[in-house]
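In the two assemblies presented below, chain A is common to both, partnered first by chain B and then by chain C.
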Partner chain A sequence: MRLELKKTFLSKRGWWIYFLALGPVAITVLHWLVEARLGRGAGNRHSIGEDSIIFAGMFLFYYLRAGIFFGAMGIFSNLFRAEMLEKTLHYYFLTPLRRELLVAGKYLAGLIVAVVLFGSSVVLAFLTIGRHFGASWTDYLLHGPGLHQLGAYFLVTVLACVGYGAVFLLSGLLFKNPMIPAAVVWVWENLNPFLPSLLKKISVIFYLKSLCPVEVPIPPPFNVMVVDADPTPFWVATPGLLAISLILLVYAAATARTTEISYSD
Partner chain B sequence: MSGHNNSLISFENVSRFYGEVLGINNVTLSIPPGITSLVGPNGSGKTTLMNMVCGLIRPTQGRISVLGVSPQHPEKLCRLVGYCAQFDAFPKGLTGYQFIYSFLMMFGFLPAECDRRTREALGLVGLMDAANRHVAAYSKGMRQRVKLAQAIAHDPRVIILDEPLNGLDPLARAEAIALFRQWGDKGCHVVVSSHILHEVDRISDQVILLSQGYVVAEGQIHSVRSEVKEQPMQILVRCDRPALLASRLFAQDHVVEAKIVADSKGLLLRTRDADSFYLLLNRVILDSGLEVESVAPADDDVNSVYQYLIGAEGAAQ
Partner chain C sequence: MAVYKKTYRPYEGALTGPLARLWVIPRYAFEDLHRSRFLNTFFIASYIYPLICALIIYVQHNASALGLLGVRGADRLIAINVVFFMSLLGWQSMLALFLASFIGPGLVSPDLANNALSLYLARPFSRVEYVLGKMSVLLILMSLMTWVPGMLLFLLQGYLEGWSWMPDHARFAAGIFFGAWVWILILALLALALSAWVKWKPAAGGLMFGVFFVAAGFGAVVNGVERTSWGHLFNISYLVGSVWLRLFEGAEHSTNGAVFFRVPEGEELPLWCCWLALAALCGVCLYMLARKIRGAEVVR
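On to the complex of A and B.
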């Protein structure tokens, strides 16, 4: 685990994942600084409610559909694929560790890295997006719905890392080029709002969206194309997503069990 | 076939195909303790054989047993086997010490034990001074040695070494060979692949000659040589009157060739019947008082056997 954490956190190849995670924080910090400089009362241009909807939009359209998705792809698909490319996987396969345990260990290390990067990014972005409201923002956080929303966003972030992590760990084991399955999954996930109700449910984003605390209004003309499906309740969405992830991980473990070292392929 | 023998590495009718490409075909072998060398040109199946012993690849058909353990059970197998692969690749960002220590942790040893074993292994290959340097900054020879240290740090009974002498300078090479010898003498199975034939010759208790996925010969090199009947044996006789000996030999049918060596104090001959030659030599000594300093086979080394069985193309690799 320690070896994996060190490799994943310090991977030179993974600098862009830091960029994906820290990008929104930079934007919200900038937003805070600009708004604080202009003065809250000067223009009174927007409210806390509007900022919370903007954050909800950023969370749904950036974090879930791009940042965490591609971040998880970069972290999890490389857990095995990068070892194959660097011709170092045999060191792991030559230890008396059950391959299933190796998959679990690598997945857990990837999950820790993903949650630390994107969880902290979500928390920091949320805390700073309304910081310029000063005491009102603190009040919103401590006595209003702020803390609950933050907790929900964090939970969805963790679940997104769990779900996409399992998808990409498996694709890294199955495919020589994980970009192709990633592109397929990405298109599928992004088509989700326009799919019939039944197909919507065969995706990670559907369950995650159901758990988001603030609904994002869909702008026209997309709103007429979106097919409404009943949002999945928390007690179905969370265990459902965890169950799907577990199934993918079990399949990944079975795949690792029969994986052979063939670096030349 | 003693497939269940707990002191052997055994292959029973093992074949491995990569799609339609042959890796190894119908190999049946038993490898006893000691140093066994795998010899063959590139693509002859040496690495395939080694990877199968370590469970890194599976046979398409047949059965392998490593001291009674199937390679399909890595949890048991990897405690028995240490593998120094040919790949010059290492997990990034690790020092030599961390490289060995990290993988020892996966064997379930306590941290203090990992530390002790890491130091011991690094000491054995002479890398203690460079333990805290990044592996990426090591020379080729040092990387080869740290791989060797990593392969033996958990004290395996079976040590598989794929081209372990590559990149080593002559001194390090001699030290490595001494280590192999030491492990072999301890009763370990040391399986070495090498293309440096004269070194293979020096260190091996037995050899396995491979060509295009087939085992061409196996056993002690001298026995293998004597099995190669179609190639006349070369014998070097150091004596005071090589011309006299040559004149007597030319009358014999089994002698194919005889030539006096450069210093005129020896005769190199090729015979199809070594036993008849030795009888004749005794007769010549008795009849003419020939003084013989030494009589020795000149082509029962790996290189010669390899050339006879596999050909010059293979020997050049």
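On to the complex of A and C.
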């Protein structure tokens, strides 16, 4: 775990993941500074509610569909694939360590990195997007729905890292080119709003969206193509996602148990 | 001859011409690509849309065909206008992105990963020629997918409509040709730069999509949070769409761009900003290439 954390956190290959995670924070900090400067003279140009919807849109369309998805792809599919590229996987395989533990250790290390990066990014972006409202933003956080929303967004981020992490860890183990399954998953996840309600349920984003605290209105002309489906209750969505991730991890562990490595292939 | 006399002696025979040397890289690359069944199928399938367009043009100018189909007023149903040609270019350009992300990563990265670059550059072959040779593979294939069918359709329409149609609509031809080249050059430079920096081919291909889609998402976040439209500067398809609009329609435009390359109404940016952003992207790609394409690498 220690080794993996060090490798994954300070990976030269993963510089772009930091960009993915920190980009929105930079934008919300800029928003805070600009609005605070403008607000001193003319008052705020928008309301807390508008910022809350903007954050919900950013969370759904950037974090879930792009940032966390591609970030998890970068972190988790590299856990085994990078070792194969650097021809170091056999060192792990030769150590007196059960393969299942190796998979679990690598997954946990990846999960910690993903949650730290994207979880902190979501929390910081949420806290700074409305900071320019001053005391009323603090009031919204402490006495209004703010803290509940923040908790929900953080939980969804963790679940997204858990779900996508398991998918990409398995694809990194099974496929020589994990980008092909990743592309298929990405297209499927992005088509989700337009799928019939039965097919909607065979995706990660559907359950994550059900847990989001603020609903995002879909702009025209796409709104006419959206198929409505009842959101999944919390007690189904959360354990459901965790159970699916566990199944994928168990399968990954079973695959790793029989894996043989030949770098010449 | 004594062994000690067998020292280095430069080649003294006749050299092939510079153009013939430049053609060596694409020749071998095309041989490799030709073996890929997936690529061949994809390339042939990419002509379905232009074929449908050709059929539409033909049917519109053939009264007996219209009569046979029992269609009245079909010429008004699908008009052969700016939208028709821009849609063709937009669709074919999106297919070119798929092609570039499939072929591009395999062009430079194997040479770098296996330290084979010095074998190229030890011959009478410069870095620029190497890059041009590799790039020509993408340029030729993407040209065959974008502006070549576009120009053929333009000629077909001109032939069937009457030759006077062509000078009246010369802007369409210019838009197809120059618009496609803008897109092709950006894709080729980006594919080669990513291929040079990311040695793992699948990751380079994925990153190519990432640059387009994540950057567009990032731009949308900037627009949403800052209540501005300057975030579109991160959106490559928006930038190219703006350039296409100007090329096809001039300053006054009646549409909002091609399919996949839309410019939302009321969110237009000054054209020079779009050109500047595209030039900056090309500059970054060229810098990345210049850093990596070297005969010898200094390891500190």
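Some observations on this one:
In the analysis below, the second predicted complex is superposed on the first by the 261 of 265 C-alpha atoms of A that agree within 3 Å, B and C clash if a C-alpha of one lies under 4 Å from a C-alpha of the other, contacts with A are read in each partner's own complex, and residues count from 1 in each chain.
Operating definition for what follows: a residue touches a chain if its C-beta (ideal position, glycine included) is under 8 Å from a C-beta of that chain, and two chains touch if they have at least 3 such contacts.
None of the values given here were measured: they were computed from a predicted structure.
After overlaying the two complexes on the shared chain, residue contacts for A:Ser47 are found with neither chain B nor chain C. By the document's definition of touching, of the two partners only chain C reaches A:Met58; chain B does not.
In the superposed pair of complexes, A:Lys7 makes contact with chain B only, with no contact to chain C. Of the two partner chains, chain B is the only one that A:Tyr263 touches; chain C does not reach it. Here chain B and chain C are compared by how many residues of chain A each touches, and C touches more. By the document's definition of touching, of the two partners only chain B reaches A:Glu86; chain C does not. In the superposition on chain A, A:Arg98 contacts chain B only, with no contact to chain C. Interface of chain C with chain A (complex): residues 199-203, 205-207, 209-210, 213-214, 217-218, 220-222, 224-227.
For chain A in complex with chain B, the residues that touch the partner chain are 2-3, 6-7, 10-11, 86-88, 90-99, 258, 260-263.
Every residue of chain A that touches chain C in the complex is listed here, in rising order: 16, 20, 23-24, 27-28, 30-31, 34, 45-46, 54, 57-58, 61-62, 65-67, 70, 73, 81, 85, 129, 177-180, 182-183. Every residue of chain B that touches chain A in the complex is listed here, in rising order: 18, 51, 54-58, 74-79, 81-83, 85, 87, 89-94, 102-103, 105-108, 150.
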